[in-house]
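Two complexes come next, and they have one chain in common, subunit A, joined by subunit B in the first and subunit C in the second.
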Partner chain A sequence: MKAAGRDRWRLVRWLLSVGLVVYGIFVIFPFYWTINTSLKPSAEALAQPPTLVPKDLTGDSYSWLTDGQALGALADSLIVTVTATVLAVLIGAMAGYAFARWPRETGGEEVAFFLLSTRIFPPVAIVLPIYFAFDDLGLLDTHLGLALLYLSFGIPLATWLMRSFFNEVPRSYEEAAYLDGYGKLETFFKVTLPLVAPGIVATTILTALFCWNEFLFALVIGGDNVQTYTALIPNLAVGFQVDWARITALSVAAMVPPVIAVIWLRKHLVRGMSLGAAK
Partner chain B sequence: MSFSLRGPAVVPRLLVLPAVAVVAASVIYPAGWSLWMSLHSWFPATGTEARWVGLENYGDVLSSNRFWHAMKNLAYYVVVGVGVEMVLGIALALALCELVRRNWIRITLLTLFVMPMMLAPAVVGDVWRFIYQRQGVLNHLIGSVGLPEQTWTSASLGLWSVVVADIWQWTALPLLIVFAGRVALPESLFEAARLDGASWWYRTTRVTLPMLKNLIIIALLLRVMDSYKLIDSLFIITNQGGPGTSNELPGLLAYVTAFQDFDIGTAATVTWLLGLIALVLMRLFWVAFRRRA
Partner chain C sequence: MKAANGTGRIELRDLTKEFPGGTVAVRDVTLTIEPGELMVFLGPSGCGKTTTLRMIAGLEQPTSGEILLDGVSIQHRPPEQRNISMVFQDLALYPHMTVRSNIAFPLRARRRETKLPAAEIQQRVGDRARMLGIGELLERRVSQLSGGQRQRVALARALVREPVAFLMDEAFASLDAVLRREFWTEFKRFQRRTGRLMIHVTHDQEEAMMMADRIAVFSDGGIVQVDTPDAVFHRPVSRYVAGFVGSPPMNVLPLTAAERDGKLVARGLGLELPLDGDDGLRPGDELALGVRPQRVRWGAARESDDVEIPAEVTLVESLGAHKILSCRPPETTAASELRVVVDEDEAPAEGTSGRVCFRLAHALLFAGSHPTAPARPWRHD
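== the complex of A and B ==
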């Protein structure tokens, strides 16, 4: 009886281990294939049979990235991302601190949750009215317009995350500082802020990732003047003459910030991606 | 207590004000505008004024084949796609916890598994669109084991191709949440079960999973809430839900109706119907969240 149980456990272990390895390969393959293709000359991208390593290794597609359309698109993504992220983290940190310290006066968890819940609405429901409003205001196809829209989606995320980081700072630390004769502002900047610095970094990265990855708003609000790399992709990837070597090079370039972010944030992954639900 | 800018609460309220104001303006205004527009017929491309039609748009949408086809696609997408993500994510999370003892291997595998989730869905879309090309690597792989080549973005297969890309990207979400929950459970719980001679299967189904129930529900709700928002990867892999309208999901249907057909009243109606789904799910989420807390 005992022995049979052990055998079965061994079988389960074996199956789960195989599962982990197979899933790992499934995750890695598209990355490998994209990088592999980006290093081929355009003609080799769809060669039959596909080449597992580039036959004629070339950086042509990457040099294409540095001129014109692709570079402009990456720059537009960067400008909008930085603008929206800085403001969202600032406003979100203010609100997050208030929600954490004065839950009664600010409505605390319920109001914070209301902010977060706005992210549950389908973005397509938001972007339709915004399109006409921005048209009236002259904000279509501008960096400012797109950054404002990202800001409105970045603030709830930043507020919710910062609230949970501020919640982790024991209130007694601040009270001890008051007793030592620190003023309120001094306490905030000298005691509280340094303690949540890692949280600010994590919040900044996650908010920036949201902006960097966004597609629909960029497609609708952008145009000839402001075209992020995500909005450029469908133009490149659909049609009769698709240059896959170039598109994959653009994809690899676009993957760099998220991949660095994951590696940097690997210890914060759980809270960040589940919006604190797992906490 | 009414909201006033006097008294001891003034500082907290001033701190919260910008966030609440920006979010309210960017959600309440669009929601109200959409509701109003959903009661009108408006084709701005023809230069005509919006015309009041009452609930006509709702009747039209709810009796249109296109809408229900998109809803059917959404149901397939949620049941199969989110279903596989949940089962796979839970299984992988438990495997990581129970089999991998060295912390650096755990973190390395977790980091690897999470990478697709951090990418732009548009990038995921074009990575997979390339794999699905007629002369692409997937057809080559299945050809090398003797199977016939497929049009992966056809009317019958397109949705499933999007589902596979989605599983690639999002299995990590339930995986992360369940992993975090499992690691936080006290090891003594499992020791006790083991000493009682409970089998692995018994421990998992009677101890581990019930303890993680609320987290699993939260992960499921997060995935379902993302499903009706899905546009990016679908847009790129199937070239806007094509061929024709065969692979449309409701979010994309609203986009195409607004920005290709310029039928604003109908598009606003679809977004409001989606918004109602969102409100119901939001409520469920809040209940699950509060129970957890």
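== the complex of A and C ==
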């Protein structure tokens, strides 16, 4: 009886392992295929059947990256993402603090929830009106225009996230600081902010990823002047040929900043789970 | 940094707090707390005791009324300018700091004004930590401490700056029963040594009795009695206070006023007891007799006992050296059971029939059956 139970447990574990391996392949394969394709010459990238390993290993697509167009697109993405993220997290943190600490004055749960409505709305539905509005304002094809647009999506998200992080800091922490002789601003910087630092890291990463990966508005609002890498990729697929080698090389390059950021901030992200457990 | 601005006397005058939405949490509270006094605010949750404390701390603004510290009105000062320290129910220790930084935190406030040298801060933190027996824990993080150690850190932080007054809001609530008792004793000694005015808020009547110089009993946003623990225990002003203080709770026997030979008597449970004095009672009015379980005896009446009620023991509960008997007079329900505290070797078995006796000199008269019914000793002396 006991032995049978152990056998069954072994079988379950074996099945679970197989499941995990399948899932792992499912997740990793696109990465492998992207890198694989990016290292092929353009012709081999289109060959049927596709080759699992590049026959002619080449860095041609990567050297193309360093020519003006691709580098410019990555730079545009970076400018817009950094601007929108920094401002969104800054404003979102302040607004989130207000929503968390003065719920009555800020309109309560309903208003806070209303913030999320911008995320529920399908972007396709508003892209045309925004195009015309931006046209009138002269914001089309400018860094400012795209950054403003991302800010309008980023602030509600950052506010909502920061609000929940601030909610987790007990009010008594701040009240104790007041009684100990600290003013409101000092208390905020000495007590509250350090405690939500992991939350700020998480919010920054989520906001930045959204901006970095945004496609629809980048394509419509951008142009020749400001073209993010997401808007450049479809340009590589016009005409008869889809230049998969270059597309994948650009994709690999676009993966680098988020991956570095997440590896660099991994410690803080993990700490977010046990809020404030370490300095 | 000694409490230079006076001796620390707090006066509350007609303090009222109405929250938005119309809830009146505190109504017309007037109270003077003397320097060096350990005052306990006692009452059930929602009675206004914590709100009163928070108004003294400056965390809530009173709707009306005045708070005086050494004769100076302070209700418009923000909390950081009151030099009052407080231990919160959750202790509010900062998880992102070490024990040392937590204790030093109040001393680092407004350093540009106080000009407190770093060495002095370390010196004081060390002194307080040693005083509270946590000298070895200074480099630890709060998350690495036990409940009792956290309690000590919170006390050290509150006391490091030598405030004028010291407030505690249910600060022992998270400790287990044994540790809590140790803290009561230790803290009372500690408070005597520092000689600071202290206000402690609790719903635990035993804690209040053990710690307080005086107890302020709260009910429904107001203070119903302010007195020493002994006075609150022996001479409660109302049925509410009598029922709240003491363990096991006071026995309350429902009786009815009646007239006999032109004199007022109390009848019920087969008794007829003389009523002296004028409490505005008329024949037919409901009243009640209160007597502490410790004052009731099980067994034959002695000469000094004036009340004797036949009863059956329905339950025996053990307190170790003592036992609590639940005694039910014949033809009554569980509601009119009397509780009697007896020595363990004198305890009868459950189901035993016998008598409960007590002296009217130990009894209280409640002139009415409602909780606010005023109380007085049964016999005027």
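The criterion applied here is as follows: the second predicted complex is superposed on the first by the 236 of 279 C-alpha atoms of A that agree within 3 Å, B and C clash if a C-alpha of one lies under 4 Å from a C-alpha of the other, contacts with A are read in each partner's own complex, and residues count from 1 in each chain.
Following the convention adopted for this analysis, a contact is a pair of C-beta atoms (placed from the backbone, for glycine too) under 8 Å apart; a residue touches a chain by one contact, two chains touch by 3 or more.
Note that the structure is predicted; figures quoted are calculated from it, not measured.
Chemist: Where does A:Ser17 make contact in the superposed view: on subunit B (first), on subunit C (second), on both, or on neither?
Modeler: Only subunit B is touched by A:Ser17; subunit C is not.
Chemist: See if subunit A has more residues touched by subunit B or by subunit C, and give me that chain.
Modeler: Counted on subunit A, the partner with more touching residues turns out to be B.
Chemist: Does subunit B (first) or subunit C (second) touch A:Val124, or do both, or does neither?
Modeler: After superposing on A, A:Val124 lies in contact with subunit B but is clear of subunit C.
Chemist: Look at A:Val89 in the shared chain and tell me whether it touches subunit B only, subunit C only, both, or neither; answer first, second, both or neither.
Modeler: neither
Chemist: Per the contact definition in the header, classify A:Ala177: touching subunit B only (first), subunit C only (second), both, or neither.
Modeler: Second partner only, subunit C.
Chemist: Going by the contact rule set out at the top, does A:Ser152 touch subunit B (first), subunit C (second), both, or neither?
Modeler: Only subunit B is touched by A:Ser152; subunit C is not.
Chemist: For A:Cys211, decide between first (touching subunit B), second (touching subunit C), both and neither.
Modeler: Neither partner.
Chemist: Where on subunit A do the contacts from subunit B and from subunit C line up?
Modeler: Common interface on subunit A, subunit B vs subunit C: 275, 277-278.
Chemist: Of all residues in subunit A, which touch subunit C in the complex?
Modeler: These residues of subunit A touch subunit C: 104, 170, 172-173, 175-183, 186, 191, 194-195, 275-279.
Chemist: Using the touch definition from the top, list the residues of subunit B that touch subunit A in their complex.
Modeler: Subunit B residues touching subunit A: 8-9, 11-13, 15-16, 18-20, 22-23, 25-27, 29-31, 33-34, 37, 88, 91-92, 94-96, 98-100, 107, 109-123, 125-131, 133, 135-137, 140, 168, 171-173, 176-177, 179-181, 197, 199-201, 215, 218-219, 222, 225, 228-229, 231-232, 235-236, 239, 251, 254-255, 258-259, 264, 267-268, 271-272, 274-275, 278, 281-282, 285-286, 289, 292-293.
Chemist: Within their complex, state which residues of subunit C touch subunit A.
Modeler: Contacts found on subunit C: 20, 57-59, 78-80, 82-86, 88-90, 92, 94-97, 105-106, 109-110, 141, 143, 157, 161.
Chemist: Help me check something: in the complex, which residues belonging to subunit A touch subunit B?
Modeler: Subunit A reaches subunit B through residues 2, 5, 8-9, 12-13, 16-17, 19-20, 23-24, 26-28, 30-31, 33-34, 37, 46, 48-50, 91-92, 94-95, 97-99, 101-102, 105-106, 109, 111, 113, 115, 117-118, 120-126, 128-133, 149, 151-153, 155-156, 159, 209, 212-216, 220, 230, 233-234, 236-238, 244, 247-248, 251, 254-255, 258-259, 261-263, 266-267, 269-271, 273-275, 277-278.
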